[in-house]
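Got a structure for you, questions after.
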């Protein structure tokens, strides 16, 4: 009987580092070799490949991979038919979202998508833009860009559609954003065949649980503190969720332990301190499964 | 009504990495862009700039910034009038202290500050050295150095005043230290106007609490262990501070949890082990607020 | 009276990063200077040197060092007489083991060590190979390789003995492995004189305890969860070791805390979740002393 | 009246360094800025852009550029209608030719293009491969590769078409070449409109003369030597072309000067020396116009 | 008797590479060590130091150096009294001139120096700017900038004075140039004492001759061609200067050799070719002394 | 019949860049691949390998190579029996000579080789040092150093023998040189078998002629100038060797061309200029065969 294996595609490039990190937090030891695309993973039931996120959806669709990680952007661009298992959105880095925006020269007469009729748009995501134009009922020429798209307007294109995190690179090339076409997030995807195989489905679901636990853990922390009994009720009222409370031996003090978003601690800790909490200790979390 | 904003200066250069790290431990997500000096921070009430530590005190004094981080060295050098909110001294890295030392060639006849009368001293911190000479009642010429100060003696200067961590670079240039002018530590600083604005003062104080919590957390760890009831008293005697003690269900064993300096564990853990502690587990801390 | 000092050799090169890291987890602050070989360590009783792992066993044997870290490979190669204090094997990175293998060109007629009779073998570990040949009762010429050993066959050597982690480099040079000579692990080593000095022996044993605690901590995590009283027994049955159990105040729920291997969480967490555990939180461990 | 300008596209990437170099040898000062795509050139009649070689033919065709440099490969791939002005083939580096080859796994059953029927080929030059298949009357699926094409067979493609210089990378991935689709050389290209504009055509032809002079100069050297009158005829017989001969004042010696390919000197110089030439001096050439 | 030595300062940083190169073309072998500031030079009569161009004029003035290379900008900034020996302006790289410009935010109301009254200007060349303001009869505050000056407006300065080559960095920070304060060129400088020492003056003058020869050589080339006797007069008319003409043995052809600016060849070569020159060969020049 | 091939070893590492460069000046196109040790060379009669200079003599001796380049140091160290074809000493870079020196701590009591009796010397060239000690009739322990030899004294060795160019690294480690064991130069070497093969010997001798021509060319330049007839005799007297003199057509001026060492031009050019030479032009030389 053939050995059961789950074929998994890990995205090379901008998503790579984060993906490896959450697999590690999920408890896997993944090793990226200097060359080649076979990733070593310490789970004999998984075969792991490093591939372009642009190509992963296509390989999933064709069954060459059972499971993969890619962005909404390349899933849509590839037009591949895949099943979305879950979102692996990294909630903490609000400020680093991948956005595909439509940009034109600062002094361009193009103010909105409607003004693109008959114009040329340069982009690495041709289908994404064609789709968007179709929805907007605008006819324009979309040209595939082999890179450094932002240098093209106004001479070589009227507009571009490109990824931006902060907009700094666009500004440096005197471009302004006139629309956001897609805010992309990271997805765990599979195909119909794998989803219908009982063993694979269960393996995928367990993996999804661990990966989501790791993603969730990224933004969480544990807090422990000592609270005088007299303040206990007052403090319990504004804690973000019900804590683990234990009475200390022989004293009217309580030991309270809670998991909360790291971001919330910015308001919580000064507040707790003011009310009378002592010995507030915070430590990092690796996974959290609610 | 104008939106409330706290203008914050983050020091570029040698203090940058550590500063970003403690902001992150304090619960903030800061993003250093590839170019430019606007730092993205996930707190809409803060505007964040990456600036030279030499210039931050000056901008604080003039009210162009409300709050900033810089070293004692550049605060003194700039002669700016500022208010020190708190020290952000990283207690753990004893061995990496920033020291401004007075150095001369190994075979120089200059043995102490007194011998500098009439000599030339090259330094990047001209005011710091002038001040020091004034206190020492020595008259000497202080020249601004545009960098690589340590190569100047004996040909281009009689002495230098420069930063040193380990002294290795000085030794490699055949220089010896004859005095330490300043041991600099990192400070959180503000100005009078900000300190008199109720909203700003509270915001600054909360920030200071979180940052100090993060700085404190750098050198702390949590330790948890199981102790047989018969050894409890003996162990409690030498624990660095009062622990959280919980009796295990149905056994004469206790679960003890304590926060202590990571450095102290080097003696504590072997000792605990010898007396009879079991299952000693240590984990890192992110913030600690006493 | 002379000050007591333990002279410690830290291996430069491939073992360096990991060694520094476990010293840091063990509670020491070690600082690698840009040049030179004196490492600063925040323990005045230790003098710390950065040296080639090939030379550390020799310096231990001669008493120029009291304690050092090196691999089995170089300990054997050096033929130095040393005492092994303990293994510092990093259990987690199963996939990164250092193996010395015997390799020949893919189309070579050499199939096993026996076929090496009269042949030439190139290697950086001449004694290791000579020893192996002696045991195998094979006579062959062993030549010292000054590097890039894998390019030598078939023109400049018939076979090589080299380190491999994944075998990728060997494959890229059209070589195949015909035997594994040694799987090397990292050792803490000392010499007879130090081991007979009471102060040194105790210091070494405490250090070994802390380093092993740090090595163990690398692969462990803490897990905390809430369990309904009705499921408590069922869950306790398959937990890897006996947990710390505390009843929550006023509810039929229990708070369970356990340390386990990070790898085990991959099966444990989905299982616990299915049975009814809630609020599962996992966090990293720095040291663990059983 | 509008200022006359020639819009010139310089290829970014692998051809960039060589292109800049021959422009410099041709007498132009070109300056590649750190960012952006405007190249500064010290000829006010030329406007110079750094663009992907994949896109230059398209921009030439559309008239967005008057003149450009690209390879045969991307000219064919783009299907753009352009006019080839001249070849800029660097004759010296025989060993560095750009070849597009068809490669399959070493143990594949595919032996020639005919065996590709129904298979999948991954490549960055989709049209090039489709064309080739059409000529070979083979039907196969051609997929665009987003990079690292050589890792795809056998799992993600049956064959690839990729650039190779030495074949080393293919071998390292266990691939073998079964056909060469194109040996690409560098071309200077323009379009019909520019070629019909008298001013532009003349400017382009002068530029072509200088660039070809520079390309030719790359592989040429000058040789000067002294020859005794008695050996003159014997030597003249085998010199590669007719030299400049001048009699030295008052002696039966001649001064001979010749330009020849650097490669030819490897045989010429030992021969000349043996016959009796003295004071052979060789120096580099920058341009050569026959 | 003391050995005669000329103490020479070579500028570290942006001028360094070019300076080393012209010394090499001038026939000197200079070796920049990895650290330290002593440059090895193969002339025992010269002692050579690598120093900041900002500090070289000051050391020349004080007699700590006899000779040095620096830019007009730092000579003026330092206010040092020095003697200018000659200009070492690199004529070829017209497009890389160092300009100190006054820049303000693109949307600033400041249109010319007059609008700076009462404003703050940030710059690394404080004296240069103060001088310029004095001449313009404008009173403004000039602040020393510790670097990345271009990020300061509008928040931390109203205007800046900074170096620019292409203006790209200014545009990227939304700044526009409102005036050029100085176009700086590279100077060979000495002091009065050295100039009055006969030995030093002669050594300096010879060095200046060689360096100027090397600078001149940078932009020159040699051209040699064959001309039919019938075209000789026509061609001689437009050659940039009188050539070396030699009649070829036994033919009505002439060998013509000329040195001219590399830039001129761009027009000369096509012209010569059209008239009937053959075998045009161009080669590089290292030094040219008219 | 077997194809004739010359097997050539090129030294990897510090001699590599220079060796490749003189092969290129000699008229060969050599291409160093990113990995592997086969060098592509555009001469089908040569097979070219990149190997450690330490191992090349050994492979020559055994006949695995016919010809190779290595230094005197490794030729001696390897004890290989080889034939020296010629020296490839780069005369220009006097200041970069490879010297093996004996060094001890600055404050050591060891003043000369005699004081080494019974001491320990660390070195990468064990045989070289043993030989030297034998000649000096001193008995000492010589230990192989695996690198960074200069850090070993005084703790891990009493003295070292290491390579130095400028002595800077030794000084930085507080070492002083007490003797120079070897000044190494680069050699072209072969073995008896190759030297007895007529075809190989001729091929080697031609190669040696071209390589020596290229080495010689490195330090030579060509000078051309115009001299008034009245000064001709005076100038001819001090020219370093007899020049090529041609009378200009119809004028009492002479065109003089000479090859000389670049170094000599430093005195020659100012002298010629003073006497009355005009239009002095200097250009580089690639090869020179006297």
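Just a few scattered comments:
Note that the chains are named A, B, C, D, E and F in the order they appear, and that numbering of residues resets to 1 at the start of each chain.
Rule of thumb we're sticking to: a residue touches a chain if its C-beta (ideal position, glycine included) is under 8 Å from a C-beta of that chain, and two chains touch if they have at least 3 such contacts.
As the structure is a prediction and not an experimental result, all values here were calculated from the model.
Each chain's centre was taken as the mean of its CA atoms, and the one lying most distant from chain D is B.
By residue number, more than half of the contact pairs of B-E reappear in one of the listed pairs C-F, B-C or A-C, namely C-F. Its C-alpha atoms superposed on chain E, chain D is turned by 120 degrees; the angle is given in steps of 5. The most distant chain from chain A, with centres taken as the mean of CA atoms, is F.
More contacting C-beta pairs link the chains of A-B than the other of the two pairs C-F and A-B. The two sequence copies chain D and chain F touch through a face in which the numbers common to both fall below half of the numbers used overall.
Between chain E and chain F, the centres computed from C-alpha atoms are 34 Å apart.
Once the centre of each chain is set as its mean CA position, chain A and chain D turn out to be 44 Å apart. Note: centroid distance chain A to chain E, computed from Cα atoms, is 52 Å.
Residue positions of chain F touching 2 or more other chains, listed in rising order: 35-36, 172, 246, 283-284. Within the complex, the chain F residues that touch chain E are 92-96, 166, 168, 172, 221, 224, 226, 246, 248-249, 255, 262-263, 265-266, 269-270, 273, 278-284. Residues 12, 35-37, 49, 51-52, 54-55, 58-59, 64, 143, 145-148, 151, 155-156, 172-173 of chain C are the ones that touch chain F when the two sit in their complex. Contact residues on chain E toward chain F in their complex (touch as defined above): 26-29, 31, 33-36, 40, 42-43, 205-206, 209-210, 213, 217, 220, 222, 244-247, 257, 259, 283-290.
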